[in-house]
């Protein structure tokens, strides 16, 4: 690595301090920064990046999947369509879930630890909820799913409360009025990650109504991700779970 | 009345059919229309118009109140401030509620029939809830108030359910996430009139968040009035109650 | 039912008070709540839920329709397309209206009582108006339809006034400027449920213009449902009518 | 004038064609353009510019008024406040209308020709309506005022129809639901200039609701000016009237 | 006609005054109103309604066209597509302009009087400009077209000024920044009707940018119609022209 | 407690199963629910509710503070002003921070465990950042503050990275472009709670720009709270920290 | 040219000064203006206009390209699709880049001078970045491309800093949170032109989020073009570079 | 400096390479980065930061001004009010311009080089235009001011064209319809920085209308800064000018 070379040159007197500082603060600093971040990523996740497939060609996705799975035996793609799946189908362990549009390879499985819960309001919210669930699972969390718990039938929420009490973090997915996270967060001690969905019509404005509802939740302990961003919610939920797991291990 | 005169002139031949039609379809039709509407108003409400005080001078409000109360012994003003009250204070029976900003005279009381319920989410929603309640009462409905029932503590909603079961119409008032009407309408058979309030900050956008929540309610039987429009909700609730009362009487 | 079992166990001493309370307040409470709500639904409607078909597969819709119609002889689906109809066509009494996209089975007809009126502004508003009308009819209201009554030809509104006077609730459907409910509510004593439609172009913003018009109606007694939400309006109108009917019966 | 000098220089051969063109197309062209426009302004209006006082200091307004009135005996200011009036009060003929916030000097009166009508919906729309009316009058139109004609009492509109039939152009001013222009344009042959006002609250969004209503009017012959822009409406109405007057005179 | 019958019955004593008034103020009044408006329409336009084809089936359009052309020898449809044209093609004189999507029959031509000018900014604004031009022509105005006059090349606007000076009303069509009407109105005495188009991308938001520009025009004498509403602009321009023509004729 | 009484009555046969169920499912169920939630609150937080002071009178705040502090020796109020402080000043241990507008009493201190970091972009974001920090501290988290780390000087962010690595959760506060959370989340493994502030002008639209930036963060592991909602961020950060602490303790 | 003729006529006395001025200030002035602007365009760019192909037919594009390339040997089209390419494919030197949708002919190459840098955040921003790069190159700038430098991996930005230091102007392209320009402008002395892209989903609102981020950049020296407007950014960057080049040459 | 110490320790063997890299990549890297940026700032500007006074106390502003002016003899503050001026008034050379709200100390004047032009549309845009002008002057540009050039009187723009031709960069400031930059950029070769102002009312929405106009400019070479951001425009204009100056000097 050129940072090592540079440092050695400096120690040997082939490069003076002024030149070293210039190099460190210029382009070479960033290279160093790059190594550092990569290192972090390995330390904290034990896996490679997640691929956002939408807008990428099947060939591009296949190329990245081959690189990732070849190195780590694992790869995760979100917002994939059937064409993307076709392009990676030949790879060992390739799996595709059309509902959540999640594409994955897990030939090197990892142990799941800690519990994340995913609750959702209506049937139409399932794809987003399932994207959150599968993301958290892929990253290493156990996931409890409780779907179809809209607040219009409040008993449906109440009936799953006991199940949710064990979770370290709860992902609450809802479209239309987006009221589910407020009710859930009012009943549970865990942090709640609210995911508005674009489910609805008319003045739901593609999920804006649910997004605003959640940002204005009257319950404490709610934070929000982008509309339909199941991946982001699953990712954050896993990160919280992983922090707990790290604390547990000391 | 000039319609009578006109018709008599026509019958007497002093006005021919062409002229009569011209008159009927022009300005005189509207005069007739005016009488008709007035008549309706008397028949169905037994009282005069409600005065929206905001933007009117105290003198204007006093002038209208004198006309109304002088004729019917009753007058209702909304969005009134202390100055408006000062201007009508000398009138017998003048009352002012600073919380809801309702100004009223009821020297000729009317019997209250049927039940309208008003539920609200937070303390800050009280002015709007109270405006709804007092409007419905003034118009002739009995009103049941259940305040501070936000969904973040869902038990608070559940604890007042039995009370609400008797109501012919429920007004549900909420700011912030505006989730209360969805929960209430999911639990009750009565029609629910949802009132978003401008309570909140940041991305509540002056009540827009709550308004959109309510328009997108996942529960059936919810309809919505304008932000902070307690008067409109109380008015509609009374009208529904009055329709029921009319049906009851046959 | 497990609530009964639990209570009997408690009475027999097989379960102590602490355990009973834990059960009641935890998951089992919700089960109880579920039963209660179901009971309500039967008491007040005599029928099953309405199915929002959009976003559901034809198979899912067929599955739900079979369950509903099998139990009650009745089923209603909104926002259905031709594919949904194909999937339920084999069921006795299956009917589909392409204009309003309403799918229904009524092998067990119910008596229609009370009158709901549906008025609409333009030809393009017909699908939404008809969804409202068919919803209210399915739920048990008689429905009077008066279409093509836009305010640009005010005489068209005036000409149907007498017809509307009998209705317990009026649904007013309009796109573009959305002015119809204001005019109707200014002329009638009945509660008016305003339905904005997405009919229009340019700065109608998919119905937002009409929605705002209706929320800001200068006439009293108007409340509003979501854009294009004919179902919601028909549902609320029927609920109001049903409250009147209940009052009539005592 | 330097254009004359330049042309003479060219004719005398002191300036060649290339230089002349350079001059004509550069800065000097604009000076010529300036003269031309000024000339137009005199030809078509017989008066000076209108002063938008808001945001100007009283001293600035007084300075401009002195220049205008000194030259033409006439000056018009809009959105003026009491301080502006104080600054011009000493000038002969200075008048101020606090309602419409119009400040004017008309020591050299002009003959009013043709008729413009201004109708408005509610009491709170009066300032804007009056600004429109006074602007049109100042510019030379006769003005017919018909205020408080909101569509919630449709008879009020109908009762003034005959009066409006004579007008060459109708200005229709309304806040809240902004439905008045649709009704008026549906009943009259004249062009209608719709003025949304910021009157309303909640989801009126400072006049946006009324603005959208008017842009989406279901009646033909409506065009719209900015929110609260009484001046713009009065100006356009007068221009239309003036075009008619010019046509009448041949 | 039943109004005549009713009046005769009243004169003959077969109907008393109370009943007559009830009839006049109820449904029958509106029938009368209908006749009156129709009468007006004939008096002032000499032609039938304009058909907004979009959202109507080819059969519906053909049906209306047959009724209109059969009675008056004239019919105008806007937003028509090729299918609509196919459905009316068999009718004598049926013409279709694919650019402006205007469908028309003019077997009974009318004389064109007065001049309306239509100017537009870019090539992409042509369909809207042409819809305005053809609407005004159909209604009876002579139309001067000056296209591709965007303000980014201000000389293009200046070069057509002299042509525009004769027009009684100018329609200015522009998308993107929508600046054309401001420049035109600053240079001409005629009223300017500004038409924002949905031409543009990114933050043009489907014409919203141009709409707001035009509503905020710094030039006096500009009023605005809805986005892409060439018909509305052409209609209003003709109405203004017709008012001038009426004034000219006395 | 009445639930106990009811159950005993049931066991003794003084109440039958039908009545018991009616009571459990009606008003009394909610009372039970209330107790349950209270119990939870004590178990997980060891303290009472947080008081949102804005919109409450000083007397109301004092009343609640007396109740809370009297019972637990602790009370926290947010968005308090100087008047609120005056009203509670007489209470032992009352403290007020004018910058963050946090009002508190901590006569019964609690041990702080775990680390939450709060980073902010500009000086003007300090009040919100400090509200987050003080909320998390009050609830029991140790808090590391690193302010004035805007991304326009990226070195300022990089210079505090090592400090942030220890935190279980990072709150990132920024107005204007709101870019800080993206950069922080790209560099750290901890979950990041992004708080947009209303700092900015023009097209920041009161924090909307920063809110949208954060919702669209290109970095994983970011979730968002409402504009200026320092309390919400501090609360969620503490809840995440508390989950970690609970995991650590097993 | 008629300006020459006119001037000669004037010099010869065939036209007097009054007529000359009338002509100059009327239609003929604009013709002159047209020539002037064309002249400017040649002087400052050495090339013809750029063609916005979207919305134009392949035939129209081919027609313009033939005119441009025939005269200057150069032509540039943006937002072209494969059909446009087909229509010009027969022309010598015709090239099409499907990624950026840029269509060009450069049979008469020009020397590239000065350096413009284009940096972009994500893979999906490439089309816009490449449109900017190719536009600047076509106009005569050397272009340095540095793509995939999103701020979520800040090291990627830092690693290209030294490369960017030479550029006279930097175009920074980003979707989603749009944070890249803030970071770049904080690190570099060059002017930064920020281009928001419509890349993203949910609350990115088609690039609005990135647009607002950039308008609110906390770094100085950033200005912004429309969403996805790579052409505009490349054009402005070249213009800045060209100003520098002109300064360099004196 | 600790970077020097660290490097020396490394060269002396007191710190090994691993530790050095850890230090460089962690907190110490940023310190180095800080120095680097400072160095850049001195090299390219010869002056200190600009102070955004709004939201800072007079004491804070005075403190920063003393530090800046003490070191460099120069300081610039924007959005300052009279209180800020009072706090720095005692410092030698302190000056305050109430119109632009610019506060400055220039006891160490710098030579002005190159020309930046600032044009503005209306009188009310003056404060923003003047903020831009004074910012550019303070930073070292000569500034040409041409105010009151709104496009409603296009001759006013044309008359200043020749003056603007010398400028290396033009700042165009406009509120209301924001059309000025389009016209200016259509006439000039220089880059145009457009500044929308919040001048206007109604549907100008605080400058949003002008902002959208400018982002959608039909002229090439326009880029945009935030609403009312005169400082940002002046800063960017100076940066462009400085790039030209640097190119001139080689």
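First chain written, first letter: the chains are A, B, C, D, E, F, G and H, and each begins at residue 1.
Heads up, the rule we're going with is that contacts are C-beta pairs under 8 Å (C-beta built on N, C-alpha and C of every residue); 3 or more make two chains touch, one makes a residue touch a chain.
None of the values given here were measured: they were computed from a predicted structure.
Remark: among chain pairs B-F and D-E, D-E carries the greater number of C-beta contacts. Note on C-D: its contact pairs, compared by residue number with those of B-F, C-F or E-H, agree for more than half at E-H. Subunit A and subunit B, compared by their mean Cα positions, are separated by 49 Å. Annotation: 39 Å between the Cα-based centres of subunit A and subunit C. Residue positions of subunit C touching 2 or more other chains, listed in rising order: 29, 33, 36-37, 153-154, 157-158, 186-187, 202-204, 208, 211, 215-216, 220, 226-227. Across the interface of their complex, subunit E is touched by residues 3-4, 7-8, 10-11, 17, 20-21, 24-25, 29, 32-33, 36 of subunit B.
In the complex of the two chains, the subunit B residues touching subunit F come out as 123-124, 153-163, 199, 201-204. In the complex of the two chains, the subunit F residues touching subunit G come out as 121-122, 150-154, 157-158, 176-179, 182-183, 185-187, 200, 202-205, 208-210, 212-220. Across the complex, subunit B meets subunit C through its residues 37, 40, 43-45, 50, 114, 168-169, 186-187, 189-191, 193, 211, 215-216, 220-227, 231-233, 235-236, 239-240, 242-248, 250. For subunit G in complex with subunit E, the touching residues are 26-27, 29-31, 33-34, 36-37, 54-56, 60, 196, 198, 206-208, 211, 226-229.
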